[in-house]
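Each of the next two complexes has subunit A plus one other chain: subunit B in the first, subunit C in the second.
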Partner chain A sequence: MRNPFSDFRILPYQKREIPLERIVRAKEDVMDKIVGGYLRLVEDEVKDLVWLVEHSRVVKAYSAAVKGIRDLQYDVDDIEEFCAELDSSSRIPYMISGPAGIYVSALVNHAQEDRIVLRLREYQRTFHFLGYRLPEGKVLILQGDVGDFIGAGLSGGRLVVEGSAGNWCGAGMMKGEILVTEHAGQSTGEWMRGGEIHVDGRIRSVGKTLFGGKIYQRGKVLAPQDLSGEI
Partner chain B sequence: MRETVQGIYDYIAENLYLSRPDVEVKGRQLSTALLISLLTGLRQGKQLIIGEPGLGKTTSAEYVCALLYRFPLGIIWGSEVSGHPEQTEEKIIGRPDLGRLNLGEEVVVWSHFTLLPVKIVDEINRLPETKQSMILDGVDRGNWGYLNDSIINDEYCLFATANYQDKGTNTIIAPLIDRFDVMVESKHPGANLAYLIGMRGPDGSTLRDERLEQEFLQVLNERIPYNVKMERVERLCDEFGEALARKAGVPTLSRSGRAAIRSDMDGIPFDLDANAFLRMILAELSFCHRYGQKRSHEGCQEGCHFTGYLCGAVRNCISNRFPITVRNFSQALAWFLGDEKVDLEHLLAVLPYTLAHRLQWKDEATAQREKESRADPLAIYMAKQAVKEMHRRYMEQGPLVKNALAVACRILEGEALEPIVGDHPIYREILLDLGKEAS
Partner chain C sequence: MVERSDRGDTLRKVWNRVRERHLFPELPHPVLTDSEENVALEIKGKRISLSKDFVEEMSQFLATEEVLEALLDHAVSHYLYCPWDFSTHLKLYSEAKKVLKDRDMAQKATDYFMDVVSDTHCVSKHDSPLPKLYQHMTRSVMDEAVHALYQRIWGVDLGIRGYEEISRKLSRLPYLDRSRWTESIRKFAKVVQGLLEIEERFDGLNKPNPMGGHSLDQYSSEEIEQGLKDFAMDSATPVEFREMIQDFEEEILEATRPKETGMGLGPGRALDADILYYMKLADNYSLPIRKIPMKKSGSLYPHQHVPWEVGKPYQDIDPWTSFGKILPGITQTWKRREGEIYGAEEGTPDCMVLVDSSGSMTNPRQQLSYAVLGAACACDAYLRNEVRVAVYNFSDAKAGGRQLLPYSRQRAEVYRAICHYFGGGTKLLLEDIDSLQTDRVPDIFLITDMQITNLEVLIRYFNEHKNRVTAVHLGDNEHVQTFRRSMALRKHVSIYSVEKKEDIPRIVLGRIREYFGTVG
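After this line comes the complex of A and B, so read on.
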């Protein structure tokens, strides 16, 4: 049969695409970049699949994470999806808890949204270091139990844990507020310099060295001691 | 040659057929009745001219024929077929040469109507349908037969006039009316131009030449072979052309000039928008989601998804003569205006006149429109509205339709692509051509 459309051969064409496909493709593109950034971080920062929590390594990992996501356009849905990828996807061959949490924190801190909710209850894995260096003006709500070093180095933001936090919650925080609706683990508020930690449940132990800030358990001040004495 | 044709248009518009310009194409104000008549003459078309009695239906055709084909008015008048119920094949086409018949020879004397390239039928709807059919059959191919003889016109055009329906008229049945390329109305020129016409009277004297008319008659009535006769006629036409240039100062076209113009017109391409728009129109006027294509005796299904398109408002399926007409007339218009391609504006200008007589509207569609304020007869008005509506849809969907056609082209050439789908009959038609949907 003669091609009845041959007049239009000269016309450049666009493939059929429904808007949803375009959106999905854009999302996948963003997710590929986020995952790629994380894998580079792990390769650069984690040697022999061992990562020790040292102040200098945490700072370096965070700087590397920020550098990796600097030019990315993403939103809170992408962060949540990345958490899901960390939890169960085969795209991420190894999930090293520390760098993963630092990377998620970098994503949260540089997201366009000021209020971010992460639904962590559905995940099998425990996330550490979430809320690291959360800046002023940001509110991060973590729904579900979380791991260690939550809100470490908090820098003025408000971190809400709707569940329990692990050890070293608020370690080295500068300012801002952490609210834990259930319990907190050992060394809560270790090396904190400012801000407040409110735990509605039980605090297993308060950090031995506090440079400032306040820690409340069920509304009562636990630290500093002199203030608790007054109350 | 374009200047010559434009000169003929201007001469008729200013001296012979005074009418209000009623269309603007490419910034030029034109009278559609005159413009379309001129294009019909150039394009060897068939035109139906409707209008009230005495408003210049026949005379406008006579003037156009006289100037485009270089025939004196007297010869054109003598070749016209007038529509009345007693009209016979012998008066229209030809008759036996009675003298020769008495000698036992069967020789046909062809009518001037058959011989001349310009054919005017006055009040065609007063002819019985059989005679209408006879004329239109002949004009379809330029082939005229009588007894065992026949002649073939190499060049011809037909102008038929029709009054609005009254007791004395027959209908022009749909298969016959479809053979007309275009339908226009010869309108009242308005009180002021009518006053001028009244004061000045018809000024067709420049188109008369009694000496030449006698010579034309002599040649036409000679018993010589058709080809020889037409060569002599052509020489007389050239002579009349020279006389016209002298008397009226209006240059005219020779036969070879007209052929060259037609050849130029044939070479004018459609741009992709005009191409896609015409496909959209054809889809709307031929598509039926339920029954595969429009058929006059099959109605639409209630609640059909495509109710809003023209396929839901008309009864019949558009014929294949329609795209041929559109191509011919839009190319002719583009040539007349000096444009290199047929574009949407050319199409929009000619479409209403190529569609008006071909669309059989459903009663409800007619009822919706007939009381609306308008400046055209209902058929032309409804065609104009339909074209406007389709053009609006094209402006909304044009890029998508062109993309769908481009993708379809690649698919047919073997590329693994998915056809573009959308909400217009054209997308369904594309799918059918790609064999993607059962017809």
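After this line comes the complex of A and C, so read on.
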């Protein structure tokens, strides 16, 4: 007699794993670590939910950020995704511009890739401090308008802003090059010691104290010849 | 190459195998057709149609069985996994549209995303010949990028070179995590935007995907109704709903046309997305209506058995349960109870809906209006009870700000009347309300913020008439307090406050406090 349940026999099933699962798992692991590192940095730096831009605090925050990411294996896609998380994700309860920009800069400076493009145009938030201490051999291209202290302490890298930069662009930069395709804000190049800043549009004002370096507006040298400030 | 006559047999054999592999989905037998468009397959009303030409073309590279199997795997995965239903399809499309801001590009991105999800699901679960098929297909720019992605996430070689950056970025998305599809499609759309722009330049957006597009034909009208209901609930404003629905206007009209009695718009009408929004939203709330109460009939009917005792009359003894004996404790007698019947006006009366659309009320076409939603829910409840609804939409009625719809069962007309927005002052004319009174004493449903200039006239009217009144007020103000105080002793007037969407289901239409204790 035919077994009436033969149609319901157990079908052989072999658990298959495609590379997608491994890729997604690895990516999520890295993102968890990057986000975790940022949250720790913010907790340490912003105990009173206020973060003042002081040289010592910036240096301390950067050192803490570098320490947090030292053993991480990540790439440019992870940095881009972290920026997107900062912009809109519920995973990050607070985005404090200063530490966030410093943390992204640390990620960029220690990434495997030498040329990194960040599409900031898509984000609602303004990012500050990007390109902080960008080292020699690195090229960072920021697409869209950016906030204050862009390229601060630049250390030999090439920073391209495809848009406008805020105030204090290139503050305290040591060497390297900053190119802004539109406008730059007040105190551009304040305390800069070397390197060049090229602004294709208008510079609102040049920093009052410059120790070296050159600032160009629409191809013409503004500093060191003119250190008066207002243009 | 297999002859065409044999192909039917091969399809039957392959279909049985595919069904078993996918655990017997409830789908009709697929057919081989002469496709007008150059696509591999189509799904219409759940039936999978495979293109004979495509199968023949691919049979040059693969065994016919493999071609059929791959196509069926693809189609069944769409049915079983992604998009699964119209609601999911609409949600994915709306997320893609938010990023791409263009209908054609958003549709294309949604189609590709759904293909990637369902194909990846299939390949991850089953030993499918899909990768072999993709090796030999002709590809557009977008297809090449997607196949480069497949190479990366499936671990196969489909012969694609290049597209490194795009495929790397796309490979990071968790396609098999349904709970993150909305987030994933946003990222997917962002990454492929450049390629879609290239396709647009070469008129590629109007061409269907080689495996077939995803039109709404694949869904039943019930699925479309349900999808619209879900989407209305998810949309924060009517504007958001309207923007999305207008992209599918023709398909939705087609799907809703045959069902005149349902929630559709009826024939010969252009799609008014705002009306559809309130229709579908109201569909999610079903308000109860109190029927006219029952009354005692005066006749006694056997109700329950009780043991017979000596001295009790014999006429009520039930011989069938008494074993033919007359013995106390064994013999059963019937206990009688007076029966209940409906009164002369049994059932649900018609309803006259008085909706305030003055300037202090929200414009229903801009923002979600609780007044219109409440009125829509009330209309829906009465129409479902097979009675008629009249609408009196008023702002400053004396200055012409009024619309009067006589008793009707035409859902679209009723909704159109309640969705109309006047703005301006608030004054109603009792003659208008009186003109809607009938011999059967209709129920009255009033929804307003009570900032009516002649509120005291309305209060007097409610005091003088016997209609069951359900008054819903939005917000709280001195006029609301006046109305509440004046109506406190009136048992035929029930007052509800609506502050948020969730308050609407608490409304009970036609409730009268007098019989609340006995019937409720």
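Criterion: the second predicted complex is superposed on the first by the 209 of 231 C-alpha atoms of A that agree within 3 Å, B and C clash if a C-alpha of one lies under 4 Å from a C-alpha of the other, contacts with A are read in each partner's own complex, and residues count from 1 in each chain.
Simple rule for what comes next: contacts are C-beta pairs under 8 Å (C-beta built on N, C-alpha and C of every residue); 3 or more make two chains touch, one makes a residue touch a chain.
Keep in mind the model is a prediction, meaning the values are calculated, not measured.
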Which partner does A:E81 reach: the first (subunit B), the second (subunit C), both, or neither?
second
Classify the contacts of A:K27 with the two partner chains as first (subunit B alone), second (subunit C alone), both, or neither.
second
Looking at A:R16, would you say it contacts subunit B, subunit C, both, or neither? Reply first, second, both or neither.
both
Which of the two partners, first being subunit B and second being subunit C, lies in contact with A:F5: first, second, both, or neither?
first
The shared contact residues of subunit A with subunit B and subunit C are 11, 16
Give every residue of subunit B touching subunit A within the complex, in rising order.
270, 272, 275-276, 402-403, 405-410, 412-413, 417-421, 430, 433
Quick one: which bits of subunit A touch subunit B in the complex? Just the residue numbers, please.
1, 3-16
Under the stated contact criterion, what part of subunit C meets subunit A in this complex?
20, 120, 123-125, 127, 152-155, 168-169, 171-177, 187, 190
The answer for subunit A against subunit C in the complex is residues 11, 16-21, 23-24, 27-28, 77, 81, 84, 122
